[in-house]
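A, B and C label the chains in the order they appear, each numbered from 1.
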Amino acid sequence: MPAARVRRRRPAALVALSLTLALVSAAGAARARAAPYSITDDRGVRVSFERAPERIVTLLPSLTETVCALGACATLVGTDRFSDWPESVSELPKLGGFEDVQVERLYALEPDAVLVATSTRVIDRLESLGLTVVALEPRSLADARRAVGVLGEVLERSGEATALLDRIDARVRAAAERVPPAWRGARVYFEVSESPHAAGESSFIGELLGLLGLDNVVPASLGPFPKLNPEFVVRSDPDLILAARRNAERMEARPGWDEIGALSRGHVCGFEERAHDVLVRPGPRLGEAAEVLADCLASLPPRGGAER
Amino acid sequence: MLVSEPISGAGAVARAEPPEAAPSRVGSNLGFRSDDVPLRGERLCLKLGGRRVVDEVSVALREGAWTAIVGPNGAGKSSLLSLLGGLRKPNAGQVRLRGRALADWPAAARARQIAWLAQQGEAEGDIAARDVVRLGRLPHHGLLGAPGPADERIVAAAMAETECDAFADSRLGELSGGERQRVLLARALAVEAPVLLLDEPTAHLDAPHQSALVRSVTRRSAAGAAIAVVLHDLTLALAADRVWLMVAGRLLIDTEPDDPELHAALVDVFDASIAIERLERDGRALHVVRPLI
Amino acid sequence: MKTAVGGAAWLSGWLALAGLVLLGCGLAAGSEGWSFAWGRESGLIGAIRAPRSLGAWCAGALLGVSGALAQGLFRNPLADPYLLGSAAGAGLGVVLVIASGTAVAGSSLAGADWLGQLGLTGAAFLGALGGVSLTLLLAGGAARPLVLLLGGVVVGVLLGAVADLLMLLSPEALRGKQIFLLGTTGLLGWESVLVLGVVLGVTLPLAVRFALVLDALVLGEASASSLGLDLPKLRLMLVSLMALCTGAAVAQAGLIAFVGLVAPHLVRRLVTVTHGPLLALSALSGGALLLAADVIARSVIAPQELPVGVLTAVVGGCYLMLLLRRRAVDARV
């Protein structure tokens, strides 16, 4: 049973929609019950809870991981199909991807909280079914930290949340220390997909790289995940290339990319799928992500030659 | 040789009927006079694509008579008919319906006065033949109305007149060319308008139906309608009450069918490929146009 | 092929029956396969399956009406509801909303706030209407059908290009639009049913009232206007009705292929009717078609779902292929 109601503002866009909305609002205009606590999610909506939810559905891998990292894995009753950590989660019912959520199955699970990304269109449908929806979409490190905090409040495990954040910070610091001094200040290119889409300075990956003392060839002015002209990468001649292993192996074949020194010198980190997943999810495994990066850096052939 | 001088002879010949020749106008509230001809075109000009397809044509349709419009291809016959029907606006000149400018007539009223049959080829669809003919009653019951019992009777009569009862329930698209033509003709007849403008109604029709058409038209004009028919078949055309010969957009001759001047002009216009012969049948004179092979 | 005039009543009875049967199936087709324990699952049925099935029927009905209008207006049996730029407009609306929610190249879209407030549904609806309005503007009104069609093509290409540009800048918008293009009935709740039902209840009677225009158009432009009809104005009105129907259906269910194209065809194969009954019957057949597709999409690989647009495309494509083969074989043109 849903434990709380959600108050929300709705736009008056068209006559027909307004009519609909007026009817719906009139029908379901129950005020929020006096609740012990409430949180504000990434949409700016206040969601109230009487007690910590005991049946949670998550539709975003980073949120699944956060719930488990806070020790509430047992409360999960269903996830999206991309959630795969920790292992126990793969036994749970998979309720579709980001856009094709199986609404009926979800509803049949009778969750008392649904955690989704803010950009999912299923939010409206779920709320109209009376489910409690918390929308969080961590995009930056700050977002990820806030998500951990918010979920800690939701689960009434704020203590664990703080401890988790501390642990993450510690691991990141430790990883930063493991970065070989020769690599400090190196300019890196992190490729997210083959188009090529890169992780820029302002993305959470970029922020993590920054915490490890690395520079990004993609400046913040280009946005977090810009689609680049391949020539840009060649001209910026990064000292280090980070990508999924499949993509990294094919990079030299790209026209003009054989000019990139990093490729010929073997200054490339090709991540396996699992490791890559850790890197691209702004969730509780940021510490592990930092360690993955540090490990790779430590294993590279030494960096020699003149600084550019 | 083109004839350009009026010659006094059997039947009045008019190459152009100047507006001044009409009786002087008496103003009335509605702007129309009951003794004016139903449909009159005054110095009509139409340019299409830079070409003058109708060039200074002045004509009048009289009640109780049907007129055949003939001429070689591209002479502007269909264009003239569409001008008279108000389907195109002339670049110069004016069309008067019952003395009042056609442009001043509201569309619905005009639709009740003038019925138009387009050259075939445009009509195709999956509605039943009977429903097509029913469209002829639209000007009377309006877009939001429906045909009443009187309308249905008129529709049935029109279909009987053009002999399309046999396939009344078949789709327009399933009919042969001739059957479709008869359905469309019935649609035009069903309007029961005092002015009827038919553009090549005999296309695709076999001989019996062509004769039936001529009989229909003759009957209706005798009952008082003013009818203009574009015809390619010159023999049929010479059975009309009046013939207009058009060449290259100009009205060459507007006269009665047994005028020898008309015959000479026809032979000339069609490059001497035809001969016109006169036959006597039951005391009536018939003209037959024979191709010279 | 039956060509019984007046068979409209017969066909409407059958289509209505089919609709009811399918509705029953819709209530039974759950996420765990077929289940008829309706007492136990009344919550699921009332909250999810009922509105979804009804919504699918209504959306299909709207598409059917729209398709019949398009085919009548342009006298082309291959016309579909998305002709005049409504699909491209709706797609652009969807992309704008998704892209506005994410930072694009370091800066958010101007006015992103109100776009986000609009929601996907509102944006798709307004986008569809906007696309058709742009087409009408380009073509200078609804006076000339050919120019209108060409305008629709131009607008479709133009708006599609803008959407493509936005999708380049925002990968989330790309993903979102792809799902939108496939069409989905999974998000239809009671609000959707209300909106769809209201639009259907307003547009269908209006369209049927003015259906005589479409009959007159069978005679050709010139003959139809000789009957005293103000074709530009009437066409404009019918195009607007078409845009409303398509916009509402697309906003709620995404771009679903072929339902609007096939529904009137099915009706015409079975009966010979004028456009008034054709519109109503197309609504009934479109509703039944989309509801059938929805039920199949839900039950074939339960608990997973096929995208309903893929199903309609496959079925519709097969039907059209059959149609083409029959026409080739049939000697009479």
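Throughout what follows, contacts are C-beta pairs under 8 Å (C-beta built on N, C-alpha and C of every residue); 3 or more make two chains touch, one makes a residue touch a chain.
This structure is a prediction, so every number in the text was calculated from the model and none was measured.
With centres computed as the average of Cα coordinates, no chain lies farther from chain C than B. Among the chains present, the centre nearest to the common Cα mean is that of C. Computed centre separation for the pair chain A/chain C is 36 angstrom, with centres defined by C-alpha atoms. Averaging Cα coordinates per chain places chain A and chain B 78 Å apart.
Taking each chain's centre as the average of its CA atoms, chain B and chain C sit 45 Å apart. The touching residues of chain B, when paired with chain C in their complex, are 82, 85-87, 107-112, 114-118, 122-128, 130-132, 135-136, 138-139, 143-144, 169-172, 174, 184, 187, 191. Every residue of chain C that touches chain B in the complex is listed here, in rising order: 3-5, 75, 209-210, 212-213, 215-216, 218-223, 225-230, 234, 268, 272-275, 332.
Chain contact summary for the complex, chain A toward chain C: residues 11, 13-14, 16-17, 19-21, 23-24, 93, 96, 98-105, 107-108, 118-119, 121-122, 124-125, 128-130, 193, 197, 202, 220-227.
Those residues of chain C lying in contact with chain A across their complex are 30-32, 44, 47-49, 52, 98, 101-107, 114, 117-122, 125-126, 168-169, 171-172, 175-176, 179, 184, 186-187, 189-191, 194-195, 198-199, 248, 303-305, 307.
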